[in-house]
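Each in structure tokens, the structures are laid out below.
The two complexes that follow have chain A in common; it is paired with chain B in the first and with chain C in the second.
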Partner chain A sequence: MVSFSLVFKRECVLLLRTPQSWLQGLLFFTLVIFLFSFVLMAKQTDYQVLLPLYIWLAALLAQLLAIDALFKQDYLDGSLDLLLLSDTDLSYLIIGKILPHLLFSLIPLLILTALLSVVWQFEIQLMAVLLLSLIIGLPSLFLFGSIGAALTVSVRNSSVLTGIILLPLYVPVLLFAVSAVQNTALGLPWQGAIALLGANFILAGILAPIASAAVLKVTAG
Partner chain B sequence: MSIQPLSYTAIHLGCSRNEHLLFKPVSFTLTPGTGLVVMGANGVGKTTLLRVLAGLLPPACGQFIRPVDKRMAYLGPHHAQKGTLTPSEQLKFASLANEAAIGAMLTRVKLLESADMPCANLSSGQKQRVSIAQVALSLAQLWLLDEPMNALDKNGEAIFLELLTEHLARGGMAVIATHQEILLPALHALMLET
Partner chain C sequence: MIKQQLAQFISLPYMARLCARITPYLFFVMLSVIAIGLAWGLYFAPSDYQQGDAFRIIYVHVPSAFLSLMVYSCMAISAALFLIWRIKIADEIARASAPVGALFTFLALVTGSIWGKPMWGTWWIWDARLTSELILLFLFFGYMALRDALPQKIGALASSYLAVIGMINIPIIHFSVIWWNTLHQGPTLSRLSLPTMDSRMLYPLLLMILGFMLYYLLILCLQLQTAMRRS
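Moving on, here comes the complex of A and B:
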């Protein structure tokens, strides 16, 4: 018998004890950013347009790398059965499980992005929109990602498969985020793209836990 | 710690794996205070039957009628434990029991000295004891136990039987898949045949 708060606390303790699980995504993010900036031979003005896009792409890839493992270990060691057997609605428990993962990956990534923005001398507005797009966009990716992770929970070496399944759900988020950031860099209005990103987040927040729960009941049985 | 009197009924229940029916469909009724010992050869479908009873898998035919309040505890072939958690944390996160109840249960299953050791450092028998403690703390009406005495020593088996007897005496029910003999008057045998 598990509840939302128990799942949340347990996940936080597990993430604190195994920092490599969320540090890996962060290191991958840093690595991709480093490689991108290394090959980028552009003028200072182009940096302001291109680098935020690379940051977003790197964040998406890092997130994709991490999402596949969301339910896998619990499936393999039988802990997932405890969630499935609980009286509490499974979609709540899934939110309880996703939330710590989201916080542990999002917060360090935001700090790192803020630092990079300062190092690369982004304008304040560009930095603000970039961070805002990450704050709204990454949770959407995480929520949609949980559906993919639930679908491939019983498949071995499924990270690429999960990525392919998630592509159609990830592309709108990436496009809205990138257009918001790019518009800001070019001095165009960015609010529309952020609003669409927000709409996407609401959609993901409502649908993804229900969809993941329904999928897990079939795939993890 | 009272349990509502409710019964579970299986009617012509069959299970399949890869679209292949595993054993001849079975029917049984579990009333409060009784249990079933599921026996049968390896691969006959004992684990699958337990997962169907738990509602984790759909039945291939027939039905299993559960009370609306489906409080069930399931001990599967895996320990459902995290290597980095200690037994007391494991029990804390898997049940709504308070610290005192967890401490008392750990004393009963003789794990108090390893209570603050990561589960990864425990032996299989000790892990099994944690799983049994988890089931006993769940206050579930129906226990679904898959090979609960695996890796347990004589003393562990005795502790398990004691907990099981208490559970049945309280009006609880149990379905146990095992190869070992369990001799309790409240338990009936269910032989699975292909």
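Moving on, here comes the complex of A and C:
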């Protein structure tokens, strides 16, 4: 009997045993950030405005790279069929699958971002808003991303296709997060954008698992 | 009884025959409506007191932008109908809509850029409406790409889900000029209020919108006949 806790534990064990799957994303994130700051070569003042945006962009790209593989291995080795056959509602199981991936990429990302903020001497408020926007924004990316991963689960070399499909769903999240961070850096109110980001997260949380479950039944069934 | 008749009416062979019958009429009506609309809009309508003759691009820009949203809505509604009742013809309509919609979206972006260069002084700006229209273009591309990447039956279902999910973006695009007060001006036409345009400029615009709709209908008719031949 496949249940939520079983899926969650299995996913955690798999991620612990193959750390390269999430470490790669993290490495990609740092690589993009350092390339950006290297290309930028700007003065200290511009860093405060631009670098937080690059952190967000790099996080989004790293997430896009990782999300494509969410259901792929399970589809290939057949364990996805067990999820589909389970009595438990598929959308719960999908949340159980997303959650470990989210934790394993979000927590190191937050630590890294906090470290970078200290290195680049961001103001405390900017750092706080940046971390907050990542905490609220990345889960919605993962939730929306699960729809894209479900749609392209049976396609080989699907990362570009997944990117095209997910771009329209990701843009609002990126937009709100970036405006929150930018407003903070410029000394403007940031609460509105964070609230919209939160609304987006709630929408994704309600809609995405149901949508990915419906899609998976078609594409993998 | 009624159900049976309806089932017959929405079957592909019946619709294809119907389309084959109306296609020539539709073609001539569309051509004449667009010809009259263009002549009226580009030649007879008075020029704008601020923008001069440059405003005349709205006779292509506004209909394309309007149609881009309308075609997407049609596509998403057909996709939903296909998902709920598995009506084959609804899927064919959705499939045929995607390239037309992408074309209208592209046209709206290009004509907007051409108008924007002399008026705003820039080809492109990351304004709310422009950005969301670009997202719409990617939605159409994503739909077509996904459909092509999967086997026929799964592709039809999966891309229908994508079309329905993408429907979230339509109200965002539609209301973006009202919600975010950005560079793009507010809507000129609205169902709930009197038009803010002079009637001599307005009527050709409405005619052009009608002509573009007829064009969409014509393409659908042709595509349904092709689908009939293919199946």
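Throughout what follows, the second predicted complex is superposed on the first by the 221 of 221 C-alpha atoms of A that agree within 3 Å, B and C clash if a C-alpha of one lies under 4 Å from a C-alpha of the other, contacts with A are read in each partner's own complex, and residues count from 1 in each chain.
In the analysis below, a contact is a pair of C-beta atoms (placed from the backbone, for glycine too) under 8 Å apart; a residue touches a chain by one contact, two chains touch by 3 or more.
Since the model is a prediction, treat every value here as computed from it, not as a measurement.
Chemist: Now for A:Ile147: first (chain B), second (chain C), both, or neither, which partner does it touch?
Modeler: Touch partner of A:Ile147: chain C, not chain B.
Chemist: Classify the contacts of A:Ser37 with the two partner chains as first (chain B alone), second (chain C alone), both, or neither.
Modeler: neither
Chemist: Contacts for A:Ser159 in the overlay, against chain B (first) and chain C (second): which applies, first, second, both or neither?
Modeler: A:Ser159 sits against neither chain B nor chain C.
Chemist: Regarding the shared-chain residue A:Lys9, is it in contact with chain B (first), chain C (second), both, or neither?
Modeler: Touch status of A:Lys9: first partner only.
Chemist: Using the touch definition from the top, say if A:Gln24 reaches chain B (first), chain C (second), both or neither.
Modeler: neither
Chemist: Applying the document's definition of touch, where does A:Leu84 land relative to chain B and chain C: first, second, both, or neither?
Modeler: first
Chemist: With both complexes superposed on chain A, which partner does A:Asn183 reach: first (chain B), second (chain C), both or neither?
Modeler: neither
Chemist: Quick one: classify A:Leu76 as touching chain B (first), chain C (second), both or neither.
Modeler: A:Leu76: touches chain B, not chain C.
Chemist: Spell out the residues on chain B that touch chain A in their complex, using ranges where they run on.
Modeler: 51, 54-58, 69-74, 76-82, 84-85, 89, 92-96, 138-140
Chemist: Per the contact definition, I'd like the list of chain A residues that touch chain B in the complex.
Modeler: Touching chain B from chain A are residues 1-3, 6-7, 9-10, 13-14, 17-18, 76-79, 81-82, 84-85, 87, 220-221.
Chemist: Quick check: in the complex, which residue numbers of chain C touch chain A?
Modeler: On the chain C side, the touching residues are 131, 135-136, 138-139, 141-142, 145-146, 149-150, 154, 157-158, 161-162, 165-166, 168-169, 172.
Chemist: Within their complex, state which residues of chain A touch chain C.
Modeler: Listed in rising order, the residues are 147, 151-152, 154-155, 158, 161, 164-165, 167-169, 171-172, 175, 203, 207, 211, 214-215, 218-219.
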